[in-house]
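Before any comments, here is the structure.
Naming follows writing order (A, B and C), and every chain is counted from residue 1.
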Amino acid sequence: MTENIVELQAISKSYATRRGLFGRRVPVRAVDEVSLSLAKGQTLALVGESGSGKSTTGRVALGLERADTGCVLFRGTELPAADTRAWRRMRAQMQMIYQDPLAALDRRLTVLDQVREPLDIHEIGSASERNDKALAMLGAVGLNASHAGSLPSELSGGQRQRAVLARALIMRPELLICDEPVSALDVSIQAQVVNLLMDLQKEMHLSILFISHDLKVVRQISQRMAVMYLGRIVECGDTKDLLANPAHPYTKALVSAVPVAGGRTRERIILTGEPPNPAARPTGCAFHPRCPVARPQCASVSPAVTTLSNGRSVACHAVEIAPTFMGAEA
Amino acid sequence: MFRYFIIRILRALLTVALVVTFAFIVLRLSGDPAYSIMGDNASPEALAAFRKEWGLDQPLWNQYLHYFAAIVHGELGQSMRGGGPALDLVLSRIPATLMLTLPALLMKLAIGIPAGIYAALHRDSLIDRAVMVTAVAGYSVPSFVLGLALVQLLAIWLAWLPTGGAGSPLHLILPIVTLGVGGAAVLARFVRSAMLEVLGQPYIRTANAKGIPWTAVVRDHALPNAAIPTVTIVGFMVGNLIAGSVVVESVFSWPGVGNLLVVSVAARDLSVVQCILLLVAAAMVLSNLVVDFLYGFLDPRLSNDNTAGRH
Amino acid sequence: MTMAEKIDDTSTAKRKQVRSSRVPLSVAAGILWIVVIVFLALLADQIAPYQYTALDLPRRLAAPFTPGHLLGTDELGRDVLSRLIYSVRISLVVALCATMISACFGTAMGFAAAHFRGRIEQLILMLADFQAAMPFLILSLSVLAFFGNALPLFIALMGLYGWERYTRIARSLAITASAQGYAGAVRQLGASPSRVYLRHILPNISSTLIVSMTLTFPEIILMESSLSFLGLGVQPPMTSLGNMVGYGREYMTSAPWIMFAPALLIVITTLSISLLGDRLRDRLDKGLQ
């Protein structure tokens, strides 16, 4: 068994939105008892709709936010509290890529300044060494010296994401968390950035937590994947296997929505009912109002996670009772 | 909805408490209140008696509570100059001030709102330009300059009106006009920009595209939405009724609250100043509360619990 | 839409473009005036023909254009032009210091609210609401009554004018930048809060803050001159524009120039700065789109 770079142990995170000085606190449970582990050098994809808590999970894994309960282990030790000195030093080892690279970059500083900034912050090397390192890193992500002097607004979307990637990787981190890194890019550019990410992963032995709603990209980049629905992991397993034989009814619906090349047409499962709202979480299994195979107990009892024979874990009453039935359908 | 109002009332009370605290802190920071209120010439016995009466020999926290209790009971001290209770003195001046500020408020509303709406609906027209120029000028001319210019023109050169003082309805004209013109300009500018903001919204374009007549779009969609921010500034003007004419009263020697305030500040008649401060705060808080309630009706989104918050 | 209307439409569009790219005459005049005023304030000692306290008792209340006294003299025979020049200096210094204090304090409060959130944020916002709701003139009169008047205290007091505007701007922009934007990204790189706020957020929001300062500056001049007019601001023998109007008012019938010269100066100066501020704001709004 390979060593885990990061491990989430039953983390939960609620947001209390207080309105005004006397406002009532309205707790919104964003992440609920999520456990995940990412092996060294591997990519784990986290899939779900918006509001499923996948971004929050990523932020908790990175230590940007503290979980209410549960703990995050990075290389076997718990993360220090956010915004402490120890926490800031740790940033060098774990980095993040964002959905909107233009927002993630300071519009007033040149690309070179921003790629060099982690070296400035952590005070590594002399000024000229920092510049050289930053230029080399820019080269590694496919940007040249003329891009180095540009402002973010002068670059294309793909180039901006490359700059963000260079900034994240210049400290040679071990863990990279990508929050929808390509969903804001054109499809043709998406492939380039994903390929670049995979090349760099091999080169730098990166472990990647890849947050996305795009199953095509997930299939290409990840070895394992986890599916989230309203703050919970409903299914988790080997990516290829999971996409070929989804067990959970929600995963089935997701997979059925992806067009498949080669003519093997599947029946599209259309979900009905309200789209998920974390502020009004249904009782029992959160998916039951939209589930095509829901049964009475689903509305009251939350399904426990069961591990199937092939290492797949699923949280569904229907699967608990008849795992073979679910598998046979695919 | 109910919850929204309760929160607003609590906030209002808290604000009043904040002003009282502010007055207490300022009073303490400014030196020994016995000296400040009794004057430097008071005898040591009188000072000691004063300290005992006001609990100044007690710990600060106790003093704060006493101070609070006294204010809740309406005990706002004696006027050093006049001798009588400060509150009575201030209350006796309020009618005179309202004689200026109420008509001035009506004038602001009667001129400012239509002018602002008209300017917004006919953007870049001659009238819009005129309104904007007047508004910017109204912003830049302090009320004492406007007042003195009017006095020079109408009272000294033309001798149509009295230069100042009180007595006849003629005495009212210049102060009211001085107050009203500046405020009308401010209001017109505000209403204009609120209207323009609303007119640029997608729902106005949608209503327009649906073929609803323009007058109906303005009446049913633009005006109610532009009214929401306008209510705030009008509320501020209402809250300012009892003390919004400090400078103008001073220019025209008008015997109102503002004049009393200036004289009391110059003479360091602290209980009177404190009394006016608290009354103004109460008026402001009250008008803010009314504004908040109006908001609750004008903007249903705000009274919804999920979004009840700042605006 | 007919052809003629279409042509008309494009021509108005063009006209608008031209108008927005060229500095309007009024704004240009305003800028010129500001330059002149700043020049006067800086070189008051060199330009003013007399000391502002110098008496010329034989020629009291001399009319404008009297030889030696271009704008006449006041009741003590002091040269109005010289007093005007020194008044400009004092008024500008007070307003400039106050604007700086208010901008620094307000921005710091806004950053504190954005950084700590929770109760501290609520407290700061409540203070801001309170400041915005209370008429500033009444508040400052009360403070002056209790503490008496000294120039440093007066400047500090004026420095509270409008702080809540910067607080609101700084808070909301910092929160946006931290939530999804560059500030959150830089924090995540391991930057200290001072680096995040001073090196990244402050330069990014400075244009908005500067516009706000330009719009607040004339209001502070007006507030200062109102208080000085009431005799409760800048105290004699020092002179400021409002204070000149206040004392000149006594001689309104016999020597109106003592009062109207500074009054006119106040109006033109605040008008110029307001025009500039409005222009800057429009430019900024356009730049943000």
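Everything that follows uses one rule, which is that a residue touches a chain if its C-beta (ideal position, glycine included) is under 8 Å from a C-beta of that chain, and two chains touch if they have at least 3 such contacts.
The UniProt protein names, listed by chain, are A = ABC transporter ATP-binding protein; C = ABC transporter permease.
Quantities reported herein were computed from a predicted structural model and do not represent experimental measurements.
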Select, from all pairs of chains, the pair with the highest number of C-beta pairs in contact.
-> B-C
Whose Cα centre is nearest the centre of all Cα atoms in view?
-> C
Could you grab the centroid distance between subunit A and subunit B? Build each centroid from C-alpha atoms only and quote it in angstrom.
-> 54
How big is the gap, in whole Å, between where the Cα atoms of subunit B centre and where those of subunit C centre?
-> 22
Distance between the CA centroids of subunit A and subunit C (whole Å) is 49
Check each residue of subunit B and list the ones that touch at least two other chains.
-> 11, 14, 310
What are the residue numbers in subunit A that touch two or more other chains?
-> 20-21
Listed in rising order, subunit C residues that touch 2 or more other chains are 126
Quick one: in the complex, what on subunit C touches subunit B?
-> 125-126, 129-130, 133-135, 137-139, 141-148, 218, 222, 225-226, 229-232, 242, 245-246, 249, 252-253, 256, 259-260, 263, 266-267, 270-271, 274-275, 278
Partner subunit A, residues of subunit C touching it in the complex = 118, 122, 126, 180-182, 184-193, 195, 200, 203-204
Report the residues of subunit A in contact with subunit C in the complex, numbered from low to high.
-> 18, 20-21, 62, 64, 83, 88-92, 95-96, 98, 100, 103-108, 117-118, 121-122, 164, 167
Under the touch definition given earlier, write down the residues of subunit B that touch subunit C in their complex.
-> 11, 14-15, 18-19, 23, 26-27, 29-30, 36, 136-137, 139-145, 148-149, 151-152, 156, 236, 239-240, 243-244, 246-247, 250-251, 261-262, 264-266, 268-270, 273-274, 276-277, 280-281, 284-285, 288, 310
